[in-house]
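Chain IDs A, B, C, D, E, F, G and H follow the sequence of writing; residue 1 opens each chain.
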Amino acid sequence: MEKKVIINEERCKSCGLCVSVCPKHVLRISDRINSKGYHPAELFDNEGCISCGFCYIICPDMAIQEVRRPEPVKK
Amino acid sequence: MEKKVIINEERCKSCGLCVSVCPKHVLRISDRINSKGYHPAELFDNEGCISCGFCYIICPDMAIQEVRRPEPVKK
Amino acid sequence: MGEKVLMKGAEAIAEAAIRAGCMAFFGYPITPQNETPEYFSRRMPELGRVFLQAESEVASINMVYGAACTGTRVITTSSSPGISLMQEGFSYIANSNVPCVVVNAMRGGPGLGDIAPAQADYFQATKGGGHGDYHSIVLAPHTIQETADLMFDAFDLADKYRIMVVVLVDGLMGQMMEPVEFKEWVDVSKFKTPEWATVGQGDRKERNIITSLEILPEGLEKMNLALQEKYKKIKENEVRLEEYEMDDAEYALTAFGTVARIAKTVVDMARADGIKLGLIRPITVWPFPEKEIAKRAEQVKFFFDVEMNEGQMLEDVKLAVNGKKPVHYYGRLGGVVPTAEEIYGEFKKLLGGKE
Amino acid sequence: MGEKVLMKGAEAIAEAAIRAGCMAFFGYPITPQNETPEYFSRRMPELGRVFLQAESEVASINMVYGAACTGTRVITTSSSPGISLMQEGFSYIANSNVPCVVVNAMRGGPGLGDIAPAQADYFQATKGGGHGDYHSIVLAPHTIQETADLMFDAFDLADKYRIMVVVLVDGLMGQMMEPVEFKEWVDVSKFKTPEWATVGQGDRKERNIITSLEILPEGLEKMNLALQEKYKKIKENEVRLEEYEMDDAEYALTAFGTVARIAKTVVDMARADGIKLGLIRPITVWPFPEKEIAKRAEQVKFFFDVEMNEGQMLEDVKLAVNGKKPVHYYGRLGGVVPTAEEIYGEFKKLLGGKE
Amino acid sequence: MKLIYKKPDAITERDTTYCPGCPHGIAHRLVAELLEEMDLVKKTVIVWPVGCSVFGYYFIATDAVEAAHGRACAMATGIKRVHPESFVMTYQGDGDLASIGIAETVHAAARGERISVVYINNGNYGMTGGQMAPTTLIGQVTTTSPYGRKPELNGFPMHVPEMLAALDGPAYIARAALDSPQHIIQAKKFLKKAFTAQVKNLGFSLVELVSACPTNWKMTPVEAMERIRKEVLPVFPIGEFKVAKGVE
Amino acid sequence: MKLIYKKPDAITERDTTYCPGCPHGIAHRLVAELLEEMDLVKKTVIVWPVGCSVFGYYFIATDAVEAAHGRACAMATGIKRVHPESFVMTYQGDGDLASIGIAETVHAAARGERISVVYINNGNYGMTGGQMAPTTLIGQVTTTSPYGRKPELNGFPMHVPEMLAALDGPAYIARAALDSPQHIIQAKKFLKKAFTAQVKNLGFSLVELVSACPTNWKMTPVEAMERIRKEVLPVFPIGEFKVAKGVE
Amino acid sequence: MQKGVVIAGFGGQGVMLAGELLAEAGKDEEKFVTFLPSYGPEMRGGTANCDVIISDKPIASPVIGRPEAAIIMNLPSLDKFEPLMKENGLLILNKTLIPREVKRKDVRVLQIDAQTVARELGNEKVTNMILLGAYAEIEKPVKLESLKKALKHFLTGKKEKLIPINEKALEKGAEIAREFLGGK
Amino acid sequence: MQKGVVIAGFGGQGVMLAGELLAEAGKDEEKFVTFLPSYGPEMRGGTANCDVIISDKPIASPVIGRPEAAIIMNLPSLDKFEPLMKENGLLILNKTLIPREVKRKDVRVLQIDAQTVARELGNEKVTNMILLGAYAEIEKPVKLESLKKALKHFLTGKKEKLIPINEKALEKGAEIAREFLGGK
């Protein structure tokens, strides 16, 4: 499945705010390092994400570039 | 009888505030003229004055120098 | 031009500014120029223009700064203490390259001083009372007619160079009435918002940012060099002065503003006595007419600078003369206006013996 | 003197002021000198002295003005834009004849500019950025040691003449660390409230009034003349300068503060090349060492003034030299600090050919 | 005969420079009387900024300094901080305090600076010839609001005590009026509490005194006093807005 | 998949200059989103005074001017008066607005100036290294209150919205917080009302945003957000203090 | 020709109006004129005075340091200006408010009980015009007619009805001056 | 003898501490020293660097325009300072955060995977000391001993316990430098 949360790793400053507010605990600080020396956040459980957008709302660096929600399957 | 209200005519600027607040209407602007060209206020009815001090209280130029009240006559 | 009217300098300043297309006034009352804001307060609303009494001079100059960023012809007027409060703003305006006009009707200082005429803010106006390397164009008229005329130039110069123009008068020029004839109204319907103005991006391709900030020293140095380039251009093109009876002069008075008009009488008195005295009157005290004075230094025997201060323009005269001839000085302080007789007397002392 | 400590200039200023008996600090944060108020905020309460962060620089200088009226040793410190906001206050303090000390750690301007070192507030400090004819004593140290030493003199001079003393440094001097040794503590228990101070009449026969107001021009002129008299005395007695390798110099660098320390290296470089270059370094930029420079004008072939501005002290050098010798100039702007190599290069260009 | 009232000694012999009927003089007398009654005359430094009362130090006989326009509270702060034994007060107009000096006022109040402020609201800039002040009433004609103060252009009259009462620093904040003997007597009581706040080291204190400017209002002094009652007090009501414990 | 959130176009591609976790960025995003949603981007002039957000114009893509420290409201007034069609807002820190700029703020509010103010309360002077601000809490250690803010020396935290609410000029005054998604959503609602007040020409509007300064608070961003909830909001409660009719 | 006069008195005595009127009349006669008001050291309720100069040539300083003529409407002004007068200068005094004699012997003095005369004319406020009329008659800086014409500049609207009495006052002053000149 | 070095990196990497330590050590050796911090154009979260000069003679300018030596702790700092280096200057790089090679061929380069080494020592924060130790060993502005002694100035109170690991880091850096020098 496509990622529900798109993180611009170059913009991320590893502040951890998104991680702290994610109600589903599906975000974490990664081991990768960006060009400014920060470890960007990553969505490690796309499935678990409920597209609530909290991570977007609190991200101070607009590093959470997009949040998407799967279209409801028509019954 | 000694004057109940002593007016320093040189300080008076003829503003008329004392006259306006005197509850007994015993003050007026005189015909005299002081060295600055003002007609000073005067107490024209010492008897009628009740020594309430309103004139003193409102005089902006400290021209009402003193207000006195007759000592109550001991019975 | 229209009919001659008898008008206070402070009011003539306002009327001339309005005719010159001044669209907004922001300022704060201070003697001896209250008639200027008061006049604006009557006239601007009638014309659908802006009059706003600010809460202080600090606010005034920053309102002017804001309005100037939109490319609108804008003015503030004040007197010495109020002008001192504007110094930070002046410095910001200078490095932001926005146009505006400021009138300083100088009064006696320092501190609260008095409300009498003085010229002791010359340094502040010409050398920069605020921080950093900057200049404003400084015009110093000597009659109310000239003041009214120069208000038009003030706005034109401000727009031409995107610079602050100071009209430096004194309490006497503000309070005095003289007959004055105003130039024709500038057609403000032709004013356009300049390309650089910050009024919202609209259809513009790039957005505009007006700032005096450049955190890299190398970048700030570039900004400074651009400013200096502009100042150079102004020095080359905008110097103005009046020379009175200088053609054959053996001695030159130097004076600006109020003192200059008195100095003219001194020249007349001297000429009547057969003494070849002339007057050099800078109209722009910044840019200062260095070259012109340097030239006259070849001609005259000495200079005699007279001011209502402790010798401020004196330094510019000396710098221009550069040691070629003596430069003498006479001044009155604290709001005292020298008389023609007094100045002539001092001049004769310099001639030696006779007096 | 005690042990040498490695200290930021901005902190050394505070420590030296405290040892010199400064009893009160009022000020407002601004880079590049925040370490000064921060240092005061730690030390003053420990000593039972006053530290107050004011709401603005305008408030700071007026708090200083108030405290100065009580005859208390008081200081404020700031940097260029903040100093611009104090100009009205400076003018009031000048005409009220009260003592205080102000430090300006100059940064790049005009406007917000940058936080790098600059010297472009020289005019403001020496010619009076506020309104009216006034002066402050202006001290321009070139090392942190000298800065620490001069803080003591600053307070002494302020008290001696009842005048404002400006310590004019720059962001580099504020931010740099150098080893410094402080003078002994002044015994503040010996301080007495001066006779003229306004602290309540108490047992004094007459009450004291401190004012810069004198509404009669003749009266204000008298106040001004008294000020000028004081300035004359200061000019006669308090000029300080350092001459480095000037005894046999054929060329003289002129520079103050940070540039002066670089200039010393330039002198050494020239001497190493066999060129007789010297340095004249005004320590008091007001009063300016006119006479000393005038004397050297007889000796040297030319002067070479170097500043981190567009040529401000340059004017004072020229006025002192008065056309006797050429005065050349080199400057960097906006916070760029010239290197010794660069200045030496420019100097050699002036010598002609070789470079 | 018993002496009931007498010009206080702390009022000098010098004639005031005020226009006939200007209540500045009334306020001066109240201050002088209180300084005497509270035995503060010899401890007092009054800060007089620019305004019609700029020469106030000629009339009230205490040590005095003259502040730059609007900076009285800053100057008073400077004095009081280094000399806490002094009784330090400012005497400011509405232009001075509420317009150019509002920052210094708000911050002295917020800091709870131990100073007392006498604040004269006469609805305009008296000294400079009657320009609009922050306290000018809606519709009022002044030399800079020739068509009357318009809220959409000039905003609304500023209520300083109400505003300062929202801060925690002040110990006493009140408004009184100088239009009638009754109000003047009350004004003195308020001023006494303000001074007490400082004497007891409780914090910042301020009393606004609704005053008149007959000259610039272009009224006789008696008419001006009537205008206070009819037009000004409804907009600027008398009252105490903050009374700390201990200010009695 | 449906796009629910997307970095607004009015936020530039440039990385912010803020410390990791600094809520300045959150406030920027809210402003940018609203300007887009309300179709104001091309009409807007933002006045950025000095403070950590001095480079704000690099991050929000509108016309912009940079004000001297504290003078944003004056500069905004100048722009708005001569160009009433523009949407003019300021973005100010608590040092800028509440300390050095309080006069300009109070008077713009009193005049009912048609401008919108975004006011970031982070309890200190971030840019200059964490000095005490008017909003610093009692006991809080900063670089100029090394022993903690003491009320008897430094007074009390200043409540700007409460103070301005005592004036008649403002159309909308509120306080929100940036510590949690819920509060941030609410903050956006408040900001929208503030902007609406200007668009509808109703008067002055201001929203205080309780923010954090993890760097100078010497906390992790997450700890800083917790401190907002635990220590700051009890002193600076969220709420609307003035809501004129028509601001919906 | 250059004529300068100082007009001095209390605020409210019409000092400035008299000066402006004179200046306006001069302007109407196409002369060079300057009018310079100055308010006394006491900002409020103090003395006020103005300097008016009328000339054929451009005027250097509008400040009159040593008056050749002065219209003095109250005692403090006499105290101030008497010592400054030029020799043989002309002092026109509002005798009603000036109880003392002039001390200097080297000046010309015309004392007019102007306030009384004005009251008799029907309005104390035209005292200034009586004195101005007298001055104009003696020193002739402008024609009396020009002064009368200039009144229309200042008395407009509701005040228009005051023109006749002001004219009368100017004339009355001129008349008194003629007597004075004749009497010499 | 005059030695200048630029130390540069992110705020938080201990750039200033390394510089001050070096200056303090110089002072203790009774040398002339200057330390000049400067914060990058980005006020916050940006790069920081400082210039330290140690000399036998008074120091003219504390500003190092063209470094003869630089300790570079991150990529942006390399981008900034590489072009400014004097010929034959010494670049000591924190390889851990600097993925690219040095382009200039006319400078001496010592790359240390310092952050990794530090982590191995037990604390990533001593990266700065590893690099400083290496610099001191190669350029010898002060003795390693002086640096160690100077640590006591900075690590006081609660931080005192960090002294040993910092000392170890200085030594480790020196060791790496010796290998580097030997290897040449």
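In the analysis below, a contact is a pair of C-beta atoms (placed from the backbone, for glycine too) under 8 Å apart; a residue touches a chain by one contact, two chains touch by 3 or more.
Keep in mind the model is a prediction, meaning the values are calculated, not measured.
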Shortest path length from chain A to chain E (each step joins two touching chains): 2
Chain E reached from chain C - shortest hop count over touching chains: 1
Pair of chains with maximal C-beta contact number: C-D
Distance between chain centroids, defined by C-alpha means - chain A, chain F (Å): 26
Chain D-chain E separation of Cα centroids, rounded to whole Å: 39
Computed distance of Cα centres, chain G from chain F, in Å: 62
Chain A-chain G separation of Cα centroids, rounded to whole Å: 87
Touching two or more other chains - residues of chain B: 13, 36
In chain E, residues with contacts to at least two other chains: 18-20, 22, 54-55, 66, 68, 99-100, 102-103, 107, 127, 134, 154
Residue list for chain D, restricted to those that touch at least two other chains: 52, 55-56, 58, 81, 88, 92, 96, 111-112, 115-116, 211-213, 215-216, 337
Touching residues on chain H, where the partner in the complex is chain D: 20, 23-24, 27, 32-39, 58-63, 65
Chain B to chain E touching residues, read off their complex: 2, 4, 8, 10-11, 13-17, 20-21, 36, 38, 51-54, 56-62, 64-71
Residues of chain D that touch chain C when the two form their complex: 58, 80-81, 83-85, 87-88, 90-96, 106, 108-116, 118, 120-121, 123-124, 127-134, 211-225, 227-228, 309-310, 312, 315, 318-319, 321-324, 332-337
Residues of chain F that touch chain A when the two form their complex: 1-7, 11, 15-16, 18-26, 29, 180-181, 184-185, 214, 220-222, 225
Of chain G, residues touching chain B in the complex: 10, 45, 74-76, 97
